[in-house]
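Take a look at the structures listed below.
Next come two complexes, and both contain subunit A; in the first it sits with subunit B, in the second with subunit C.
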Partner chain A sequence: MTKTTVPESHRTHKYIDPEKAHQRVKKRVMINNIAHVLFFLTIVFAMAVLCVLIFNIIKDSIGWLDWKFITGKLSIKPEKAGIKGVIMGSALLMAVVAPVTLFVGVATAIYMEEYSKKGAIHALININIANLAGVPSVIFGLLGLTVFGRLFGLGSSILAGGLTLSLLVLPNVVVASQEAIKAVPNSLREASYGLGATKWTTVRKVVLPGALPGIMTGSILALSRAIGETAPLVVLGIPTLIMKIPTGVMDDFTALPIQIYYWTLDTVLTKEYANLAAATIVVLLGTLFVLNSAAIIIRNKFQRRY
Partner chain B sequence: METKNSVKFKIENMDFHYGDFQALKNINLEIKENEITALIGPSGCGKSTFLRSLNRMNDLIENTKVDGSITLDGVDIYKDYDVIDLRLRVGMVFQKPNPFPMSIYDNIAYGPRLNGIRKKSVLDKIVEKSLRAAAIWDEVKDDLKKNALALSGGQQQRICIARTLAVEPEVILMDEPTSALDPIATLKIEDLINELKKDYTIVIVTHNMQQAGRISDKTAFFLMGELIEFSETDKLFSNPENKKTEDYITGRFG
Partner chain C sequence: MERITKKVRLGSRLEKLVPGLLLAIASISILTSIGIVFTLVVDASHFFKEVPLSEIFSKELAPLRSKDPSFGFLPLIMGTLTTSVIAMLVAAPIGLMAAMYLSEFVKPKMRRILKPIIELLAGIPTIVYGFFAYNFVTPLLMKWIPDLGAKNVLSPGIVMGIMIIPIVTSLSEDAMSAVPKVIREGAYGLGSTRLETTVKVILPAAISGVIASFVLAISRAIGETMIVTIASGSSKQFTTSIIEPMQTMTAYIVEFTSGDAGSGTIGYYSLYAVGLLLFVFTLCMNLLAKYIIKKYRREY
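So, the complex of A and B:
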């Protein structure tokens, strides 16, 4: 091997003036501090907006949100109205959305990342999944109305609503799961194959456990989006006032966001409906808070470092 | 053969904590200018932690605490230095080659650009100088626009060294710079380190005792967070004072 000697001129000549560099450090540190403050202000702004929103809603709901409201039946008279049926509707809706979305979404992601050949078709499908995530929810409502409501004859049942919402959030779950699967290092797959494991064993024992936190976080966030969606359900034709409390997935129903929507519309008729809407929003926000906290706890609990 | 070089880093009564865990206990050490100081010891003995405190890389880890004093040319680096200033003077090369996902040219120009050098002609000169100094100029001079990640591991590590040199630091810290490389690439880097000694002060962590013996002037042996022995490399390897040092270098434990 030849010894590389560096010409003297290249070694000793200095291009960076230490004094100037030091002066620049002061400027650079100042710019860094400005960036720090700007980033801090954006979060202050976001928190302030959130606080105003929550404050207003809670103020309107005081005196209306009580146990009787949560366990009571719907009524035209504001002081008698309760949302037990509405909560049941949302719960049953999620009972449909959660398993369907999780199963189909994760299975699609596994196929796309682990099994399918990575060619032009793969890329095309990927782009379309990403595009689907950006389609307005009203369009999904129309699709649900046509396919589930009319073609399958499910009408405006919980099943029809749940399947529609599943379609709506599936792209998000697929993309989140794909990213989580991609983040599992290839060396782990190779270690598993190197021991004679099949693809399915590798996916089940190595890839999925590694990707689980990402998949769970993505799925729970998707569920919290589904629970707050209004437009697709409105398009499906959910009845305005349902007195019966739903017990199965074929029943007609109403859900939290829908009820908020109708009560807000009817505020022009009866002023107290605004308070009912506010109280329902508090319940919905509470549910979202619980769901998102669960997402964060699950992510932290299962978080792995490679 | 005690050298007359002046003291670059002076470390006195240094303790280091990760939370409740004490990683370094009462370290006292002098690192001299234009010398290569090797840090050896078994995994987890604190040698990397020590290296990373010399340019305050440990600041990036939460819940760590440094006690005692570390001075660079007599100035306390934890009290009287802006950390950015410090890192301009004390560069670092990491264990795994970590070039940025950009062209070779942009990798090298990253540091000089931070320091306000915008002129293409000057940048060109710095890039050439640094790549030459890192002994990789001849291999990449026609491909400066190529993505640095497309190079081999040994070449990537020399790009990383060139990137460090481009900022014109005074001290270069190296954390096992050859552990991910093949023997030929390792020899090239060792050759290079020897060459760089003329202009820089080098502190290198290595797991390879032959490497420490081949390239360093002084060697420090760490064990369980303590500095067991520090002396001329020849002396430490041929005639260690401490029984633990002898056991380690003869392979009786560690």
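So, the complex of A and C:
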């Protein structure tokens, strides 16, 4: 048996020097605390940016955003300009987007969750929707320009813009609706079948009502994305200054984000256009705030947990 | 009795029709994809037929020159890369630190309050960010960098970075939160501090999700349009200086469709060529993100 020899240095020195160890722990804790503060500051940074952004826009819009601005007609002269036609344009645009996306989106989701077998078509549509969600919005503009604008001859009308935006936000609505339909428990469906209901009746009377709050929340959020989208509409070639207030879906139009875009570009020529753009942004952000609040209220109030 | 049979019969006919109808509607999304690829490829092919590849990869972009226009896309690619890199330099560290904070340093209750605040940044329309970059960030930066042009790539790059912070934070936070508790507690049990646990244990375990979030954020930055259209200008010079204006691929599409090019000209078809390039870039990025998640995800 070999005898283990303890080196001389180990007998005279301790394995761990408590003083040094304490120093090391102190250092580690300090680094940890610094990181904690630093990480927290990133959240503060995000909030600060939001505040600065909103504060600046409101500051620029003060004195410009009044009732006359909201109800007036567009004009080249900044002090006379109003955005009634612009608001009407955005409203009509949403009047196209909302029903189209809701109809197509929910029907797609019902097919995916209730009817299709989990096979090739199911996978294809799912992958396809995931990929569509990642396509830049400006590409949708090119699609709209070619298909709706040129091929269908819709030009740069509200209908062309609305259909383009509908395709853009379709993935959002489909995914939200799928989630909502999945959340309806199978026992409800079984009960419905047990009462002799057919599949379609079950979907219509049991699944859809149960999924409705989730579908609504998702659709409103999609709508609030559509209302702020600029690039696809600009690509469609919306004319710069439209004095006429649009009344139907075939009219040429301008919408809130487009008007912001042109006014921001034109600040080089007339400085006051920046104020007009800011005032329009306040209107746009106000609309988004209302829409998002509605979505949150619907989710909290009506969403059932099974 | 007869009425009931009639009703049932009608119902069963409807029953047979419904799946077909729904499939027809569901195929709209597939038609959209086909439509995108088709329009881009068909119209871009006109362009590629007329313009030699050597010209496309040159630095000279002068699409509106009446005599012998030139279509070198390198300035556009440079513009897109530069703004995206600046954006990621902002979004990657801030977004990741915010994600580590939300996932490891605060209680779940606090997280539920703080996360939506970060995500608010993603809800603001890009046109508003464009206005902000042009009217606030650029003048602010001019105070420190006197040579900065009124249109430059630095300011929209930074603002775009702020816009994509939520993408990085949200996805990274999800990935880190998904790391099982036992692993975390193992690290604490060995005496690690919170930071050491986060950086040396949680982050490596969630790395696939974090990298995927970076890739998706880059893809978003490449496709972002309005911020760069407004704040980085339409200069078609090839430059590497970030205080000078550059044009991105997306901004080129917007500038050209706003009425400069008549249908059927090479300039018009060049839009689709740039669009195709953009589409391929972002698609590759998105597929790469999906691949990373699938390949490197660890199952616990």
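FYI, the second predicted complex is superposed on the first by the 260 of 306 C-alpha atoms of A that agree within 3 Å, B and C clash if a C-alpha of one lies under 4 Å from a C-alpha of the other, contacts with A are read in each partner's own complex, and residues count from 1 in each chain.
In this section, a contact is a pair of C-beta atoms (placed from the backbone, for glycine too) under 8 Å apart; a residue touches a chain by one contact, two chains touch by 3 or more.
In this text, all values refer to a predicted model and were calculated from it rather than measured experimentally.
With both complexes placed on chain A, subunit A has more residues touched by C than by the other of subunit B and subunit C. Applying the stated contact rule after C-alpha superposition, one finds that A:175 touches neither subunit B nor subunit C.
Applying the stated contact rule after C-alpha superposition, one finds that A:97 touches neither subunit B nor subunit C.
When the two structures are aligned on the shared chain, A:295 is found in touch with neither subunit B nor subunit C. In the superposition on chain A, A:284 makes contact with subunit C only, while subunit B stays out of contact range. Of the two partner chains, subunit B is the only one that A:22 touches; subunit C does not reach it. Shared contact residues of subunit A, touching subunit B in one structure and subunit C in the other: 28-29. Within the complex, the subunit C residues that touch subunit A are 11-12, 14-15, 18-19, 21-23, 25-30, 32-33, 35-36, 39-40, 43, 94-95, 97-98, 100-102, 105, 114, 117-118, 120-121, 123-132, 134-136, 162, 165, 193-196, 216, 219, 222-226, 229-230, 250, 253-254, 257-259, 263, 271-272, 275, 278-279, 282-283, 285-286, 290.
By the touch criterion given at the top, residues 1, 3-7, 10-16, 18, 20-22, 24-25, 28-29 of subunit A touch subunit B in their complex. Partner subunit A is touched in their complex by these residues of subunit B: 82, 84-85, 88, 112, 114-117, 122, 125-126, 128-129, 132-133, 135, 167-168, 184, 187-188, 191-192, 195, 198-199. Within the complex formed with subunit C, the subunit A residues making contact are 28-29, 31-32, 35-36, 38-40, 42-43, 45-47, 49-50, 52-53, 56-57, 60, 103-104, 107-108, 110-112, 115-116, 121, 124-125, 128-132, 134-143, 145-147, 150, 167, 170-171, 174, 198-201, 224, 227-231, 234-237, 257, 260-261, 264-265, 267, 274, 277-278, 281, 284-285, 288, 292.
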